[in-house]
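One structure, pasted below without further comment.
Order of writing sets the chain letters: A, B, C and D. Residues in each chain are counted from 1.
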């Protein structure tokens, strides 16, 4: 699943645009004509909207096992040529190189479970990326961050204007050239300004089965309603709270024996698992956002 | 699970009231002092509300294997005595005899899947009850009902005032002395008057994971929101649409490849399964309704 | 999901053979060069074995919405040409026309649940096929078959040599030109001769999570071992009992409270669901058998 | 769920013996007569074997909120009296005090995921126990153990006779008076002598859905068989490999796209979750072993 660094590098394109006859053959033909070898291809047609979606991965002609490592410029040139080809067919394309490891900033508050889970998965080689920093409005995770060898940044929120501490956070994110921000149970609502300024995708984990129980204290809401399943939802953060494109969801069975504390405990496992899955899919370039929904090529 | 008609009959009490020290021993002691033998007992304390809940099943002294079959009057007397005992301890109690098979009316519209599923489970011996009639606002299920040997009643809704067709339905339900009404994807909203007049519990299946997507066309709502799981919810019908106490819920995984038709098809399996489970729990006297929630002793 | 009979017909090819550079582009190119439009394509590489697998569906040039319905001979010619193309690239291909409805024979014994489930799904339009007959070694399902309008054939097994009743069954299957046989909890072990003679795939449902509890009385085996999950497995029948390529599996949670009868009851839901899923995938030409395993393009 | 150290202490008894009329009332009556208040009670009858099982938790007369903390001697006396009462009714009883935190030794090899998961749950307050040491045949987890404040003991196995390194391990386990040993993916088969000498229960996690794929390399076995679900099983270790009483199991869906490495990665989540659940149930005194099976009062 994760990119194997000993394999030759590949290019991965996420394409979408108006559906049209022959488009699959035309994409495959372009890659073939340029000397590439298609490794994976998966496509989807939204029949209602008339949209074609594709994830296609290929080994370009210049990246062969045993050869010299190709230069970034070679990949950039191939990506640019493909983007040009896509555009000339009415498609937009995002293109990634499989060996590129995006830089990640993790934001957290006091709850440590998603933080540890992400870092330990990363250390176990499950996430093809580099976690380059931790930002928190509390100091609770400072020692663990140090043990993990991660720079820890404390941006207190108590008694500080949101515009001010968010500015500090944005500066930290920009300084490390972060390509993904993960809200690992960071407990502050992000402002529209933050999201406008962050400059990279933000993945959030919400501790309910959205759209049920959006907003604060979802486990308390679930308990009050007497549901028989609790859930967790990973989504891209947008300016509307808990309303962004959903990436992954899961649920767990509960009964009348589970009080709010038990829901919170049981929910932690869901949150860890769902957030990690969403992050892995994102890093493997499997997610295409279209409108307020996602196409996940898993 | 289902009552075995060759076993001696038992009494099943569902009790609840303010929690108090010694209550478990007192209930057990009463049954023992009356010559009964406790077969199952399960209790729950709601610590927040200070309420004690119990399901307790016992073989009364007069119902022993090999003896003459005890008379209904004997059960009635024991039940009355227990209820009196419960009341004197501040508890309310519902009591059922395990060999009693409640009379069920199934209401349906055009969609046949929940209807067939319930009837076939009943014929397979999974439901300790008797389905005594089918009411529908369409004729689609008339032939199948006849094949199953079930009286079928057509109460058309098109061009008929709701108060009028509901009056006809209530008369049919009363005429067969129904003790449970199951809405097997019956597609009309029940009026508050219907629910006031029906005289027995009504179990409904809603085709979403409530409280998400209450109301009409839940699969269309789910598709529009881009959720990654669809659900079904069985609940007791109350005057507020899709808001009654939840009995059972389940979900199934979906992807961007599932259009609304696929959600509907996949959802049918959920609806059948969740509705059947709720009905079985109800018939086995496992459900205590408290406020707008259920305690399910499974 | 199911073939929509109002859509123009498509061809669906299941391909496999030694992996080779450019194969995706070559297949797409052939279809394009022949005037076809690719609707879906999904592929898989078994890196260990070096095998390429693909399911590809296309609308051929002669089958356009609004046109005259193309003749079977046109499809046959396109299929033959594609097979030739595949062979010349070292691939073998099975090809189906989306509008073709395979003829199915269902074999059952006394247990009715999988039988009803399959027939009701078929009547609900979930299975793009035609059930053309029921064969059973008992008479229990004769009336229900008649109600469903299905020819019912009784091939008694008690006091009859296996070679004799299997000969009768094979004759019935051949007479209706069956293209798929479904063992819907048919409780006789099929002989190697039967499987050699049947002339079409046979899908079986085994009531355990294979390879655990192969052979007889799997729920009794599961109870004795004290497992916490029970399962069901749909697989293609082969001459080795319960050892054929697995198509679909599912499990359900059980506890010490479930005796063997409860496992059997709970297992019925698994068996129905897993068998139906396997049959649907088979009918939608999503399954490629390779060695003793399946590739399921879902 | 977890014992709340601010609550008054309770006694938890796990009872079993031949079923007999009136036993529920007699147990409740004994507790009541001794001034205790029953907090939870759950029972089970194995009808086939004629065995009665019960988990019962009560607040003894001498342990009331606000009072002085009762002495261990008071609990010992009540436990001894209850054991005497149980024996006189043909029952055996294990009794625990809710505030007692068992001492745990974790054994691991190189794979870190179950080790981190258990320790982080413990630090989050999910496990009412004290991890007092880590034993490993490799040094990989030494630094992390130090960071967690846990004594780490290296007992190399390479080039050392099993009898010798097991003797060292048993000495370490005895020295810390361990009351539970957890094999957190410790990759050596335990000898019968080890299990005889360890003096406390041993919980193991096996990375398959037992009884399928017992023994070595279960993910490789699962891949070779082409199963569609992988599993994990937590069980008490016995002298027969992978054959002890099963406590908890879970599964995850896989497809042909998952190679062995992907099964291993996906399986890690199952292993962590299933092992943690088994350990929590054990620590909450919810598990009664009977023959080669468990009764789990969850």
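The rule we apply is simple: a residue touches a chain if its C-beta (ideal position, glycine included) is under 8 Å from a C-beta of that chain, and two chains touch if they have at least 3 such contacts.
Note that the coordinates shown come from a computational prediction; the quantities given were computed from them, not determined experimentally.
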Count the C-beta contact pairs for A-C and for A-B, then tell me which is higher. A-B
Which one of the chains is farthest from chain B, going by Cα centres? A
Is it true that over half of the residue numbers where chain B touches chain C are used by both copies, so same, or is it different? same
Distance from the mean Cα position of chain B to that of chain A, given in whole angstrom: 43
So how far apart, in whole Å, are chain A and chain C when each is placed at the average of its C-alpha atoms? 37
Hey, what residues on chain C touch two or more of the other chains? none
Considering only the defined contacts, which chain D positions touch chain C in the complex? 44, 46-48, 53, 209-213, 225-229, 231, 245-251, 255-257, 259, 292-296, 298
Residue ranges of chain C touching chain A (in the complex, touch as defined): 21-22, 24-26, 28-29, 31-32, 37-43, 45
Please output the residues of chain A touching chain D within their complex, sorted ascending. 1, 112-113, 116, 120, 124, 126, 147, 261-262, 265, 268-269, 273
